[in-house]
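Order as written gives the chain letters A, B, C and D; numbering starts at 1 within each chain.
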Amino acid sequence: MTHHHFQPQTYWNSFGSHPPALHIRHGDTVITSTIDASGLDQAEQMINSGTNPQTGPFYVEDAAPGDTLVVHLDALAPNRPNGWSRDVLAPHILEAFTVRGLPASNKVQWDFTADSRTARLSNPPKLLEQVAWPLRPMLGCLGVAPEDGQAISSSTSGPYGGNMDYRGTLAGVTFYFPVFVPGALLFLGDGHALQGDGEIVGTGIETSFKVQFTVGLLKNHPIRWPRGENAEYIFTLGNARPVEEALQHATTEMLAWLQADYGLDTQGASLLLGMCVEYEVANVFDPAYTMVCKLPKSILKEIRAG
Amino acid sequence: MTHHHFQPQTYWNSFGSHPPALHIRHGDTVITSTIDASGLDQAEQMINSGTNPQTGPFYVEDAAPGDTLVVHLDALAPNRPNGWSRDVLAPHILEAFTVRGLPASNKVQWDFTADSRTARLSNPPKLLEQVAWPLRPMLGCLGVAPEDGQAISSSTSGPYGGNMDYRGTLAGVTFYFPVFVPGALLFLGDGHALQGDGEIVGTGIETSFKVQFTVGLLKNHPIRWPRGENAEYIFTLGNARPVEEALQHATTEMLAWLQADYGLDTQGASLLLGMCVEYEVANVFDPAYTMVCKLPKSILKEIRAG
Amino acid sequence: MTHHHFQPQTYWNSFGSHPPALHIRHGDTVITSTIDASGLDQAEQMINSGTNPQTGPFYVEDAAPGDTLVVHLDALAPNRPNGWSRDVLAPHILEAFTVRGLPASNKVQWDFTADSRTARLSNPPKLLEQVAWPLRPMLGCLGVAPEDGQAISSSTSGPYGGNMDYRGTLAGVTFYFPVFVPGALLFLGDGHALQGDGEIVGTGIETSFKVQFTVGLLKNHPIRWPRGENAEYIFTLGNARPVEEALQHATTEMLAWLQADYGLDTQGASLLLGMCVEYEVANVFDPAYTMVCKLPKSILKEIRAG
Amino acid sequence: MTHHHFQPQTYWNSFGSHPPALHIRHGDTVITSTIDASGLDQAEQMINSGTNPQTGPFYVEDAAPGDTLVVHLDALAPNRPNGWSRDVLAPHILEAFTVRGLPASNKVQWDFTADSRTARLSNPPKLLEQVAWPLRPMLGCLGVAPEDGQAISSSTSGPYGGNMDYRGTLAGVTFYFPVFVPGALLFLGDGHALQGDGEIVGTGIETSFKVQFTVGLLKNHPIRWPRGENAEYIFTLGNARPVEEALQHATTEMLAWLQADYGLDTQGASLLLGMCVEYEVANVFDPAYTMVCKLPKSILKEIRAG
C-alpha cells in the first residue's frame, strides 16, 4: 500500500508497450501530474509536441493478460489557473448543409478561480461575459497497453481504453480495464476542467492536472471492454465508430457483467436493461466514438436482495 | 380555454392528413385516452389491429405551416392495472457475434400497484422475483401530420415527431412541433409505464393511458425539428438513422434555437454546447432513431443575466 | 397482351394508394412519359411543383399482397433535347473539414445530341469544354404503393422501391417488386440521362422521358425487397440509412432468393456470395440510401448445371 | 533498377516502424513471397501465429514524409495448390433478425488446378459440386508504416493502407501510398486466390503467394489516402467505419487528385464525379471498412484533350 509521488520525465503519444515509468503493486497509490492535450505543463511550458501526451506507463506487478486492472481516481484537479478550448462546433456534429456557413474554429483561453471551482472566458463572446462556468475536472485519456504489440495514437481509443473523453471520468470513480500485456501498463492524460457530452467542439477546457489514483488487480478476471462504477451507477464503455457500434460494445459488455457477476440470465438482464438502462454520449469527436451504458445501483440492489 | 373530454372512436396507424377527430384552440385542454401499442384498450379489448394506434388528430384552429404547435403534457397515467413488454435485447443492440446465442424474445406481463407507482413481473426470471419496478409513465408517440400529403407509419418518426419513444415524454413537459398542414393535426399514443433509454428490448411496459394536455400556438414561428422543455432543461429531438444523423438534427436545431431566441452568435452557442450539452438516447430501435440534445436552464440563466 | 398508350394527366409526389391512372394486366405493355424531377415536361413547361412527380399509378389486375410485380423496362429515352443537374458535390460526401470551402451548388444545363447519345454542358467549366458525355438513360424512381395505407414522399425509398436513383435502372432490365396493396399501384418517374454511382451531386442529368414497360405477375410469390436482373446479373436492392443497413437488406434478400429459387443452403449461398458478390452504390444522397447486391449469371449457370 | 529475390525470415502482425527487412531503391523490383492469413506458408507449415503476417518491411531509400510511394504489382499467384476460406456470411452483413438462425461458420478447403486458373471446393455443399471457381489472385494487405510511431494490427487499415481486402489489388495495378516515415516501410501479405466484394464471409480463398513488385518514388508529392490505377480507371481508397466515412475519405482524395493533377476546379471535378464516378465496396468486414472511388480513364482522356 505504498504511496508513490511520481514526477514524469517522458510522455507518450501512443498507448503501447513502452518502457515502464514506475513499477507499482495492487493497493498502491500514485500522486502524479499530467500535461495538457497540446503538451503544456503546469508552468505553461510546451514539453511535448504530439497529441494527448500521456503520463506513464505504470507497470502493475503481477498483472497478466486475462486479469482486470482496477483504477480508482482518488483526486483530480487542474494544477494551473487556466486552460484553453476550441470555440466552434465540429462540422460533422451539424447537418451538412449548415457547415458552409460555420466560422473557423479558434483556440480561446479560460481563467480559473483560485479554488478551481469556476472558470471565465478571457475574451467572451456577447452575452457570455458574466457566466461563471462551474468546473468538473475529468481525464480525457485513461487506459492500458493494447494487445498484439500495437502502439496506438493517444488521439483514439479501443478495448484498452485510451482517449475516451468521457465527462464521467471524475474523482471518486473506479475504472476496470482488461489487461493485455504483462504489467498492464497504465497511461493517463488529457485533463479537462470542463467538457459537455460528446466533446463536440473538439476539446474540453484543456489544462494540466495533478492526479492521485490507486490501483488494484482482479486476477483471472477477463473482461472485454472498460467498465466502471460511481456512487449511483455501474457502467461500461464501448469505443468505436459509428455510435451504434460503440453502443453495441458497451451493451454487450454490460450484459456479460450482469450475467457473470450478478447471476442474471439473458431474459433477466434484458428486462433490467430494457426498462432501466441509461446511455451517455462520451465523445463523438475522436477517431473512435465512446458510448457509456449505465445501470442504476438502486435497481441492482433490489435484485441482489431477491 | 375550453376543457374537452374526448373519447376516441377511431385510431390511426399513421401520422397523416386524416379527418380531424376534434377541433380545439390555443389554450384549450384535452382529457382523453390512448390504447396500447398492440391495440388493447383500458378493458384489454383489442380495438385496433395495427401498430401504435394513435388518438387524434386534433385540429388546432388557426395553426398554419410556419407556426409552432405547443403541447404541454398536463397528466399521464396508465388507465389499467397491467401492461406488457418484450423480454430479450434486440439483436442489433449487441455485438453481432453474440446474436446467434440469444434466446427468442417473448411477451411478458407486468402488474401495477393500485397507485400505479410500481410494477411487478407476472412471471419473473430468477433473481427478479422481488423487484418493485418504479413506474415513470411516458408517451412513445407524439407529433403532427407531416408535409407533402404524406401518411407515415406510426412505427417511425421524423421532423413532425411521431414514434420517438423518448422516456422524457413525461407529465409536466412541454413540447414544440413544427406545423406542416392547416390545423397541425396532433396525434398521440403508445403509452409506456416504464422504459429505459433506447427502448432496447423493442418496447417499454406497454399499456393504455389517460392523458391530459393543453395546446398553444406560436404564430409565424418556424422550427425544423421537435423541441421541448422541462424544469431543468431545454431540449431538441432529432429523428433519423443512424444515431449520428439524429444527433446532427437535434444539435443543429439547438444551435438555431440558441441563436434565434437567446441571441447568441455561433461562437457563443458553440462554447455553451461544447462545455454543457447533454445528450439522451431516446430510441435506437425504431426505423428512425431519436437523439435528444439538452442544455441546462441553470447555465442559460447566467447567460440571460449577462 | 394489350399495348397501352398512356398520357398522364396527374402526377404524384408520393408513393401511396392514390386513385389508379390506368388499369392493366399481366403481359400488358405501356408506352407513356415522365416529367423531370422539378416538374418540367417535354416542352419544358412546369406542370407539377413538387419533388420527383410520378407517372401512375398503374393498377395491375389481380395483383394482391404476397404477389411479386414484374416490370420489364422495354425502352427509356429523353423526350426533349436537354436536361439539368447540380454542379457541386453534396457536402456529406466529403470529409467534414473540407466542406467549409465548398462553393455553392447551382443548376447547370446540358444539351443532348439529336440521337440522345451524348450531352454537352451549356456553360462548361474549364477543361470540360470539349467533353462529349455519353448518355445512359435510367429511371431514378420506380416502385409500388407501400403497406399500411402509407403515402411516402417520392424523394425517398423503401421496400416498395421509390426514389432509388440506381444507374442500373436501364432499358432491358427487369425489376421485381413486392405487392403490398391490391393492384400493386406502379409508379415511375425522375428520368436521368446520365448519373454516376451515388448521385453525389444530388442529381443526375434530369430530364423528361418517354418510357415503355411491360408488366407481369408472380402470384403468391412474396419477396421483401426489390429485385432485378439484366443480361449479366441477378440483383437485389436495399433502401435505408446508413449504407450498412441498405447493404444488409440487399444481401439478406439475395440470400433468400438463392435459397428459395436456386435451392442452395446457407453454406452454399454464403460461399457463392463470399467469393463472387458485387455491390453497387446506387445512391448515397436521398433520405434512404440504396445499395445493390449482384451475382453474376455466369457463376449461377455453373450451379444449376450442378 | 535492381531485381531482388527476397526470402522473408520474419513476418510482422502490425504495420509499424519495424526493422527493415531489405533496402531497395526507386525503380527496383522485388520477387518475394507471402504466407497466408493464418500463417501457413507454401509448404502448409504454420510459421507465424498472428493475424495476417506481413512480408517486409521494405525500406525505400530516400523516401521521406511528404513523398508518395509507388508500388506496381507485376505478378501475383498462389505458390501452393490449395487454400481455405470461411463458409457462412458474417452476421453483421445480414438483417439482425436473421442472424439467430445462421449456422456456425467453419473453415473449408479449396483445391486449385495446376495452372491456378480455377478452384474447387474439397467438400462442396449441395449444388456446388461441379462449380469451377475462376481465380483472381489479389493481395488483402498492402501498405506502409503509419505516422506517429504507431504499430497498428494487420487486421485493420488506415491512411497508410493495410488490410484493405480490395479485390482490385491485382497484378498489373499500380498503387500510391503516402509516406509517413523515412524509408516508407512497405509491407504486403494476406493473398486471396478469390474474393467477392466486401469479404462478406470474412475471408477470401486464403493462400500463400509468390509476388513480384516494383517501387518508385514521387518526391515532395503529399497525398492523404492510398491511390491507384489500372488500365481502365484511376481510383482512391478510403479506410474507416462506417461505410459513409470510408466513402468520404476516398471521394475527398479523388477530388484533391482531380484538382491537383488534372487542373479541374471544384465545379468541374464535381460534375465529372457526379456523372461518371463508380464506387467499389472493397471490404465491410475488417475493423476499418474500405471503399474505392473510381473514375474511368476514358472520360479523363476527353478532359485532357480539352
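Here, contacts are C-beta pairs under 8 Å (C-beta built on N, C-alpha and C of every residue); 3 or more make two chains touch, one makes a residue touch a chain.
These numbers come from a predicted model, not from an experiment.
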item	value
Distance in touch steps, counted as few as possible, from chain B out to chain D	1
Contact distance in steps, from chain A to chain D	1
Most distant chain from chain D by Cα centroid	B
Euclidean distance of C-alpha centroids - chain B vs chain C, Å	35
Distance from chain B to chain A - Cα centre to Cα centre, in angstrom	32
Chain centre separation in whole Å, for chain C relative to chain A (CA means)	47
Contacts with 2+ other chains: residues of chain D	92, 96, 102, 242
For the chain A and chain B complex, residues of the former touching the latter	85-89, 92-96, 98, 102-103, 105, 108, 121, 124-133, 194-205, 242-244, 247-249, 251-252, 255, 262-281, 284, 299, 302-306
Touching residues on chain C, where the partner in the complex is chain A	90-92, 96-97, 99-100, 102, 104, 242
Residue ranges of chain A in contact with chain D within the complex	13-14, 16, 50-51, 148-153, 240-242, 245
